[in-house]
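Should a chain be cited, it is by its letter among A, B, C and D, assigned in written order, with residues numbered from 1 in that chain.
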Amino acid sequence: MAKPVQIGIIGAGRIGKVHARALSQLPMARIEIIADVVDGAAKKLADEFNVARAGTDYREILQDKNIDGVFICSSTDTHAKLIEEAAKAGKNIFCEKPIALDLDKIDMALKAVADAKVILMVGFNRRYDAGNIRLRQALLAGEVGTPEICCISSRDPAPPPMEYVKISGGLFLDMMIHDFDLARFLLNDEPVELLACGACLVDKRIGKLGDYDTAMVTIRFRKGALCHIDNSRRAVYGYDQRAELFGSKGMISTSHIHNDNTVFAGVDGFRRPPIQNFFLERYLQAYQAEGGVFVDCVRKRKAPPAGGRDGRAAVVMGYAALKSAKEGRWVKMAEIK
Amino acid sequence: MAKPVQIGIIGAGRIGKVHARALSQLPMARIEIIADVVDGAAKKLADEFNVARAGTDYREILQDKNIDGVFICSSTDTHAKLIEEAAKAGKNIFCEKPIALDLDKIDMALKAVADAKVILMVGFNRRYDAGNIRLRQALLAGEVGTPEICCISSRDPAPPPMEYVKISGGLFLDMMIHDFDLARFLLNDEPVELLACGACLVDKRIGKLGDYDTAMVTIRFRKGALCHIDNSRRAVYGYDQRAELFGSKGMISTSHIHNDNTVFAGVDGFRRPPIQNFFLERYLQAYQAEGGVFVDCVRKRKAPPAGGRDGRAAVVMGYAALKSAKEGRWVKMAEIK
Amino acid sequence: MAKPVQIGIIGAGRIGKVHARALSQLPMARIEIIADVVDGAAKKLADEFNVARAGTDYREILQDKNIDGVFICSSTDTHAKLIEEAAKAGKNIFCEKPIALDLDKIDMALKAVADAKVILMVGFNRRYDAGNIRLRQALLAGEVGTPEICCISSRDPAPPPMEYVKISGGLFLDMMIHDFDLARFLLNDEPVELLACGACLVDKRIGKLGDYDTAMVTIRFRKGALCHIDNSRRAVYGYDQRAELFGSKGMISTSHIHNDNTVFAGVDGFRRPPIQNFFLERYLQAYQAEGGVFVDCVRKRKAPPAGGRDGRAAVVMGYAALKSAKEGRWVKMAEIK
Amino acid sequence: MAKPVQIGIIGAGRIGKVHARALSQLPMARIEIIADVVDGAAKKLADEFNVARAGTDYREILQDKNIDGVFICSSTDTHAKLIEEAAKAGKNIFCEKPIALDLDKIDMALKAVADAKVILMVGFNRRYDAGNIRLRQALLAGEVGTPEICCISSRDPAPPPMEYVKISGGLFLDMMIHDFDLARFLLNDEPVELLACGACLVDKRIGKLGDYDTAMVTIRFRKGALCHIDNSRRAVYGYDQRAELFGSKGMISTSHIHNDNTVFAGVDGFRRPPIQNFFLERYLQAYQAEGGVFVDCVRKRKAPPAGGRDGRAAVVMGYAALKSAKEGRWVKMAEIK
């Protein structure tokens, strides 16, 4: 049997745990070491998944010659720098989104990756969801014909803590960035211009921070398709994730995934259970698939489905949306530099 | 334009009204007269649908030379006699199910129909439901292949009044008779033997009358298919009407028809509204189609989809089920005479 | 029994026939007379629904003292003038949408109605659809809480003939006008500003006529809700009509209505039949309900659910959308005069 | 952290692999050793899941003092003997269904378990399916009221090889045994008598072996509920697994689980993808849950949800069904000894 890809994880928080779990189930991957600045955090995660080594210094990972790939799961402000260092150390890189909130930093990180000729895969987990994959395949296979309309609804079950909102980069860069990437993925096309409209309807404290909790964006893509995205920070019925592709030959859409497959019929009507509550549950299988794709790309030296260019493009769209919402006008991607 | 079929209705009760409404909407039908033994009942219904004549004596209808067809919507015990008289008067006949609860009476009625060479259509309304028609078409078109399993669930929203239960003929002849006919219709086949199992789980008074309120029947058909029917007199969620045909090439089934096409998503899950409450709502369109089929058969001298033989067959199955439930054994159709 | 409302219909074309059928099934309505400028058209329709009188001159209707209400089902360019004349004749009025494509003409018509103190109901048929009614009720009853997002998709099965496109007023005034009214109805609120985006993706001839065949609109309502509408002139899978209301307490949406309630399971997956093809089928029951509401309003001297003010508001939104699409900017309702 | 439960697996075939995978993902379980009579089979499976030891002699497992629990995943004819030996060795036992096809052997095995006071859990995987668990909870919580009707449909995608059919024990003991257990689980009640009806409609070779490929069973339970089960060896649309509980307060049912959550709308209608093809996919999560339940029972010395009595009861129902189908009559459980 071939040798498993040896991996180091930087960051043992919520998303680091998601990837540790996914990687621990892959026969072709082996987590060698976990690092986290918080004392004891890496050790705890390492114990849970039978990982031998743990520490507080990520450089231990980068300096280890046996490590093939690094998972960057630390806070957003560290991503770009870690990508640069990992690239210089010759490591293949999986980095959680966003690469950075600063385009210059992104460009420097991408340059380091290009120079080092390593693989960079950005964590747009929705690209590995079975439903979204099926939509894209339907497009590529011509089943929907020429795409004309794309609608994406993405709504969180509840707003994040205000502390998080402050440093998040705002709804467009923190939350809708996933939908921007999804739109590019589903339409297999590039955005030309967009019009964003934000509101604060859920929690006034979000508005006081200058952010939005509800938003709609219209995007015009190069090949002509129009795309609608709506976001809300609070859907009381759960984590609402839907997409629809409409074209000259048909429409294909994803529907809700409920907690189980039952229906109860009583005097008040028919009830299905709530939908999966948040991204860890909803995209559990997507995260698992994502880890496998990274490992596969490393082993076969393949370009990942979502690379540095995709990571940058979504941030550009986020800034365009922010500008559009603030200035109340259409903004072209070319304006964002 | 061709002359409309001129119709007399005998019986101005609930089901008479259903047919009056359906016929009044058909360009090729005209209700000329309504009769009901209850003083004033026919007049009231006639007024509602702009029918010129009304009375208490059905013979006025049979003696009217302009009448092409008679709708027998009176109580079950009068059906056979009215069929005989109407046939002798040369009228085409639509008769509500069952023709009679006595096979000898049925046979005499059918003989009168055959002698007079008039059309007799029996009111198995489910044969005109769009979903059931589609199931049968899927069978006839070979889409399901050779049928192997047929499952029918039929459950009323609430038990009828005890006064009705007493004279109803019992669950198998009053309620499941529709499912027996539907099974023959969907499988396009004849039953060989059946096994019935009855219980009184809903209302003890029904059991004291010697009747059942819950029942399951297994039927073996000539070409080999097995058929399951279950009935309940009380489904708190509404009038549950479902059928499923399973065969060598696929399965086709009917699903619930809800009161409207909405879904509400709240903290407790997703809710669809209740299903249509009872047969008048659920089969409204089927009743309308049924009237049209009768008129069409009369105009074109065609055999109706459900004729005297079908009316008799369902009663035979009802008696077989009753015998099977009482004796706890398989009963062949050939035993019922 | 109370005397039925006596009605005259002006216009015996497709939509005139829809209303004739609906009215002929209402016990409390009686169509007395039909008029159509095309020789013989009124007579043909009158015969189909047993209407005694028919002619080519609508003035015969307006001069008939027995007529309580007039249905204006003629071509759009005649609506405003007919409303004025009917109002002056003291008739209650049902008028198909739009009242006119000229706001001055609309205002003159509305003034005539106000002066004559007659009822004017505008034919926004979707307000009488069971699903849409349920959505609005859910809003009014507080089930969805404060509305935050409203999404409406409305797609025709195929583009209309080019001859029709030329005189239609364009997609925003001909097609999306229904969705503009629906948005006001569902949100129970007034639009402040909107951003429209049109494209020609379906048929280049539509673009050459200066019209769009695909469009998206974002609307900001007074109470804060954001509304998305998308339209396409060509959905190969049928007449797609969906709406969704999302708020602080939940979401309620309408779903597809298929041709029947069957599901076929075969080797290639599970199939449901197409959805109802176009508005005559999809809104058949809504049209029937609409007629009943008009009759009820006339009898009880009630204000109709969709009156002159609603008819005007939808036209204003249509012009705002046209302006927005042409000028590529947000347009406020107050700009349209 | 507590010490994980140390497990040995006997049998490295298809179902052994399922359990190895499930156990390898449980933090509180550790597979220590795998044994399989086929040379190399255990080694291959051990390598896949990083298990240190592998061999061909199961006695190595039973003699290892560190082993807490044994998974018996070998062929059916070895189950009873292995249970006896494992019990005598003081090991807790998970055994795949059926315990044996011989009631005497079952009773001897159960006696050994009772004498040794070890835990025996029988592999009725459907008890750990989220949908089925929800149905049982709805019953226990009183949501469905008194249960009156239970319907179970269970259909395989394709018949097994004839070699397997020969030694399988027949449809009732090999396939429907799962449904018998499910009926007891869902109704939380014991069967009194049943009526079985078998047919050979799918593959004549099955009939020549004296077996059935299509069957229906009606069961009467102690508290009065009627239960219907249908089985087919060939559903071309996939592995059809549905259950429905109907009672005095409502109905709850499980529905199909499709391969993904997409719907495609084209000119021919709306398509959902096929359902999960067979038990390994459909019950993947149930198998994982099952392993966790066993580990939990061992750690907490709890009785498992499906123990020896349940394993025996399902076999008794299987023999009753076989007898009923052969003799064409109701058979009471008490007749099977």
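What we mean here is this: a contact is a pair of C-beta atoms (placed from the backbone, for glycine too) under 8 Å apart; a residue touches a chain by one contact, two chains touch by 3 or more.
Here the structure is a predicted model, which is why all the values come from computation and not from measurement.
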item	value
Common touching chains of chain D and chain C	A, B
Chain whose mean Cα position lies farthest from chain A	B
Between A-C and A-B, the pair with more C-beta contacts	A-C
Interface residue identity across copies chain B, chain C - same or different by half	same
Distance between chain centroids, defined by C-alpha means - chain A, chain C (Å)	42
CA centroid of chain B to CA centroid of chain C, Å	39
Centroid distance [mean C-alpha coordinates] between chain B and chain A, Å	57
Numbers and ranges of chain D residues touching at least 2 other chains	235-237, 240, 249-251, 256, 265-267, 273
Complex contact set, residues of chain C against chain D	235-238, 240, 256, 258, 265-275
Chain D - residues contacting chain B, complex	146, 148-149, 151, 153, 155, 195, 197, 199, 201-202, 214-216, 218, 220, 224-226, 228, 230, 232, 234-237, 240, 246, 248-251, 328-330
Chain C partner contacts - residues on chain B that touch it in the complex	1, 25, 27, 47-48, 130-131, 134-135, 138, 143, 249-257, 259-267, 273
